[in-house]
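Paired with subunit B in one complex and with subunit C in the other, subunit A is shared by the two complexes that follow.
Then we have the complex of A and B:
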């Protein structure tokens, strides 16, 4: 019986330990002596710098301190690492390190058929996943040359704008959380939960919807969704104002946001920043207006723009956009036509003609595009996702130097990055 | 056979033990040492008792000091528990959450469980930490903040020590807290801790000045630094409180005290979204628990001092309509007010207890039975309380009630601030202290001094 044998087993002769290496000499420059603790530390030898920028960054001058913010830090919105060079409390330079969440989604999409791609792009930017689906579906519809029924377009706009409200509400909460406010995030999550439950009644899922299809949407509006939506719409505007008032009228919040991380118009355009961050710098670029898609030309809404370009402007743009989105939802409900929700006569396995297509939508964080190349098979030959968060995050090394350590959080949070989309 | 019988006897003992619950086994275990201890104590008292009592009587101030220190250290534990529970529950309500509701009635055991959790966690020290300093830091922080309670008067005649430099002692001890935080930040061998420690040093040293200066106005008014005398100077009605004579000083004091206690919006030292947990980043187990304790005790202390300086301490906000000192024999002569009060309190207590009994007793209790039992219990408790209060001294009882009510009102304000406000930035914080609070405190001091001189003349 092996068990009994185990129990009676005697310890064998001790195995020879590996011979201890030579103790590092105290004269070795890599060895640092901590006299108080009496402990020896061997510094990890640095690897050779790969670029000039890296060599310059990692050579600290007198009185400078490197601080790793992340990858696990309460305020980095996922797994991002900011190597911050500090002089006192002031940030001298910053080196963002990305890629902790890289999953190779684009490559996976190239090995999936066209229906599965919609499933794969969902978890990229997990806060507002319908927009990725929409961009992918737009590109595939151009490849397939499908006409989408009007009702399906309205349903798409309706659900996507709901999700935009949800994303911006969460943004407000997380921004306040990064500035030390405890309460707004919970109020945001109340709003988010209502919207997400509503969409769950429509699509069957709370976060990763898999709802849009090439040529339409997966299901028609149902009773539970409509009743929840009506309930929410009856107080959505008032609730949004109340949530915003908690922050807008708070002197501490406004003083920490105003004039911090000013992104001027030229820099924003140069870095390719889009979305609310660009509109806060005074460029009225909104894909729903400048390159209209779906039924947006038939809807009446404003593109809120601000000139300051600081964190407060970026925040206020989001607040204004919540109002506009609620207006759009209201119009969608009034203009919603009857009819089918899927284009007729679509094959079970999509095989578009060889060609290339670019589909882009205005996501909550900016222009979200999908570039797809078809070679005539049932899988895209090339599939590329243009994520706005990635470009928005690129301005961080430009914005941070000169600000205080505490402003790092205000600036990064005000740019609204979602690491799932950035690392892909 | 004999051996078998022996095992049977033993096993029956074990079976008997098995029937007992763990608590009962503990009680069973504790009986012999308790009896032994009692015998030893009685013997010792009989043998050396008189000499010992004489010795204590000869050194009464020393005895009083030690008793006060022990009592204050013991007082910090329930204080911290109550404030932690308040913070959990009040912030939860303000966030539209339920908050703790599992342990004890309405989750009130939550903070105790928090304390136990901290107690059984691993006590971890990072490699490279300066161990003696690292270990001492929480002790310094906790003791420094707890010892400030020594001079706070809780009721007439109920205080640790009546120092004639009470206020000075308070600020001196409170100033030592920063030493502990700085030690923790330095010894943890962590950059976040270092930043937190340095922030705390800068912040607390800056806010110490307006805090002290705002209290100097009151010293000018009362002419003493003894906190007991300060309270007595405010006795009478609510209009005699110093908050009406020194409104500006109260504002400055409250803001500076918030910073001094490291509370939101000035919790720079442990700003979780910037420097993880500040000076406490590397601490775990009970060492972290001591920081935690010190923080909550600090909240109470700061509230207590605010109440003592500006809100009349243990004095009632109005003149008592009934005699303050009460003889049990004179109870009937004291007038019908007492009887009405007693009856009303008994009925209210009966209502509350009936609800509690219905909640926890379930359907076994009918509503009239629950009310009857509630009335009996609450009446008995109230009678005992009243008689006890008359016996001890009604002044103490009323004083503690008023003092705690006022102090916890301020604790509630601190919790409320934490639920509402975001954190200020370090440069705004320092700028506020030096550019606004300090000139305002000086202005207040000059005005008070001028008023004292002019009115005295």
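Then we have the complex of A and C:
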């Protein structure tokens, strides 16, 4: 294809660039940017497929077309690229390309001491970072064999459930946004802002809290937090119903969600899907119930489960979970005992005895796990982070084929991935 | 601590478990050789009194001397997490059987372990890098991969608290040990 520069100015032999040597300066009048760019970027030979699956995917048959969605796309919930193979308007196959947000948090944690790790894991799931802290702290407490005071446990549950409400409310807004509805996200952000301001009064930060400590929490409940919380609790239930009613009774929304992206029970278990996505497929797997930690055994709440496994069921599970979380917050406020918020006699620098520990909590998106290996130093020898969004996203290539391209984003959004956690 | 699980594991897998079944807190741990992994997983997944159905995690570990693959399983018949440590993979050429025959979702977890440690999973049909670019050469989570700003290994060591040398708190630091190794446990 003739380029514009080729028509206007052909370089003669006298002007030819040196073949080797340092890269010529852009001030050099002989340099033609177009030609340079062509030599550098347009003639990369295709590299051979590395695996069977890649060869199969990138060999289109007659009438098929590849479409790159991303890396920068408003509906990908972060920086992710979906290579979609299309036949007409139907999706044939999908190859997600990850790693655009990879920062090597596990490596950084292995080079930080135990207190720094809590800070480092915050930005992973930036929508609900307390859960990520909780998983790390739980694993470290198992390593150190620390007993956490009851009041600290209640404060943890209280703040984490607030954050779960916030995360699910945002989920509802973004799901509607991906389907083209602009209104719910505005209400979601009103709700979210109230909760993060409340948590800012408690922890000092709006998003990346760095609040949990090995053996307790960083600060006790204060007056501003309690007054904001009381204010919010007086209308939280009603507000959640109103937000859900915007979507539940919207015919366009329901018809685009029902029966789309059906995930059956066996596939969900085989793919390691957890959280609301698994409960929407009929498996009542909620770590707060099936493997209790903290004070959840003393609290009364239901685990909502649905049988359909489609996008609508995944959405409705979240709506039900908001109600259950508000119930839990209410019970926490009534049962909260007095007492210390940190375990006594903890050293300034944590050096757990050599050993291994796995701690897992139920985050808004599923099971958040941390596998920590200690070698007796002040830094974890191995710090493995298991993020639920990673496996929830893995199931996308099995949900999309056969659906319309327009439903791609709806299905991905209904799984609620957060790329910060996936790419680590 | 689930004592019944320990006796079941010893009865059904006694011949392949290396060392003892360890229990601590809410975790039960067994160590096996790579070749036994498919058989062990089939047993704990299908045995009527265990039924570990949920693959919670699959991770690589570099101990400094050898490689490990660590799996965490959850089952409704037990109150414990089951940790299976596949040990003794050579650092030069670590190979391990894939677990995608039971949990197809392990494909990405194995891709991640390959990307970060270079562990090759036989039977995974899509084993390519997942986070790092395709032309990347090294394996970042191995212990001989240092952070570029790792001042602990530079002449002016100990610049910031984050970058202190990785010596055990009790033992004398060994200047000859270039790689941080896990305690022999």
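Following the convention adopted for this analysis, the second predicted complex is superposed on the first by the 379 of 424 C-alpha atoms of A that agree within 3 Å, B and C clash if a C-alpha of one lies under 4 Å from a C-alpha of the other, contacts with A are read in each partner's own complex, and residues count from 1 in each chain.
Keep this in mind: contacts are C-beta pairs under 8 Å (C-beta built on N, C-alpha and C of every residue); 3 or more make two chains touch, one makes a residue touch a chain.
The structure presented is a predicted model; accordingly, all values stated were derived computationally and were not measured.
Shared-chain residue A:237: touches no atom of subunit B or subunit C.
When both complexes are overlaid on chain A, the residue A:269 reaches subunit C alone and has no touch with subunit B.
The wider contact with subunit A, measured as residues touched, comes from C rather than the other of subunit B and subunit C.
Within the superposed three-chain model, A:106 lies in touch with subunit C and out of touch with subunit B [touch as defined at top]. Applying the stated contact rule after C-alpha superposition, one finds that A:219 touches neither subunit B nor subunit C. When both complexes are overlaid on chain A, the residue A:71 reaches neither subunit B nor subunit C.
After overlaying the two complexes on the shared chain, residue contacts for A:408 are found with subunit B alone; subunit C is out of touch. Of the two partner chains placed around the shared chain by superposition, neither subunit B nor subunit C is touched by A:340. By the touch criterion defined above, A:51 reaches subunit C but does not reach subunit B. Once the two complexes are laid over each other on the shared chain, residue contacts for A:360 go to subunit C alone; subunit B is not touched.
Comparing the two complexes, no residue of subunit A contacts subunit B in one case and subunit C in the other.
For subunit C in complex with subunit A, the touching residues are 24-27, 29, 53-57, 59, 61-62, 70, 72, 74, 76, 79, 81, 83, 102-109, 112, 116, 125-135, 140-141, 145, 147, 150, 161-164, 166-170, 180-183, 185. The part of subunit A that touches subunit C in the complex is made up of residues 47, 50-54, 98-99, 102, 104, 106-108, 110-113, 116, 142, 145, 269-274, 285, 290-291, 351, 354-358, 360, 367, 369, 371, 373, 375-379, 381-382, 384, 386, 390-391, 394-395, 423-424. Residues 34, 36-37, 39, 41, 65, 67, 73-75, 89, 176-183, 186-187, 190, 250, 252-253, 255-256, 404-409 of subunit A touch subunit B in their complex.
In the complex of the two chains, the subunit B residues touching subunit A come out as 91, 94-97, 127-131, 189, 191-192, 195, 199, 264-265, 267, 271-276, 418-428.
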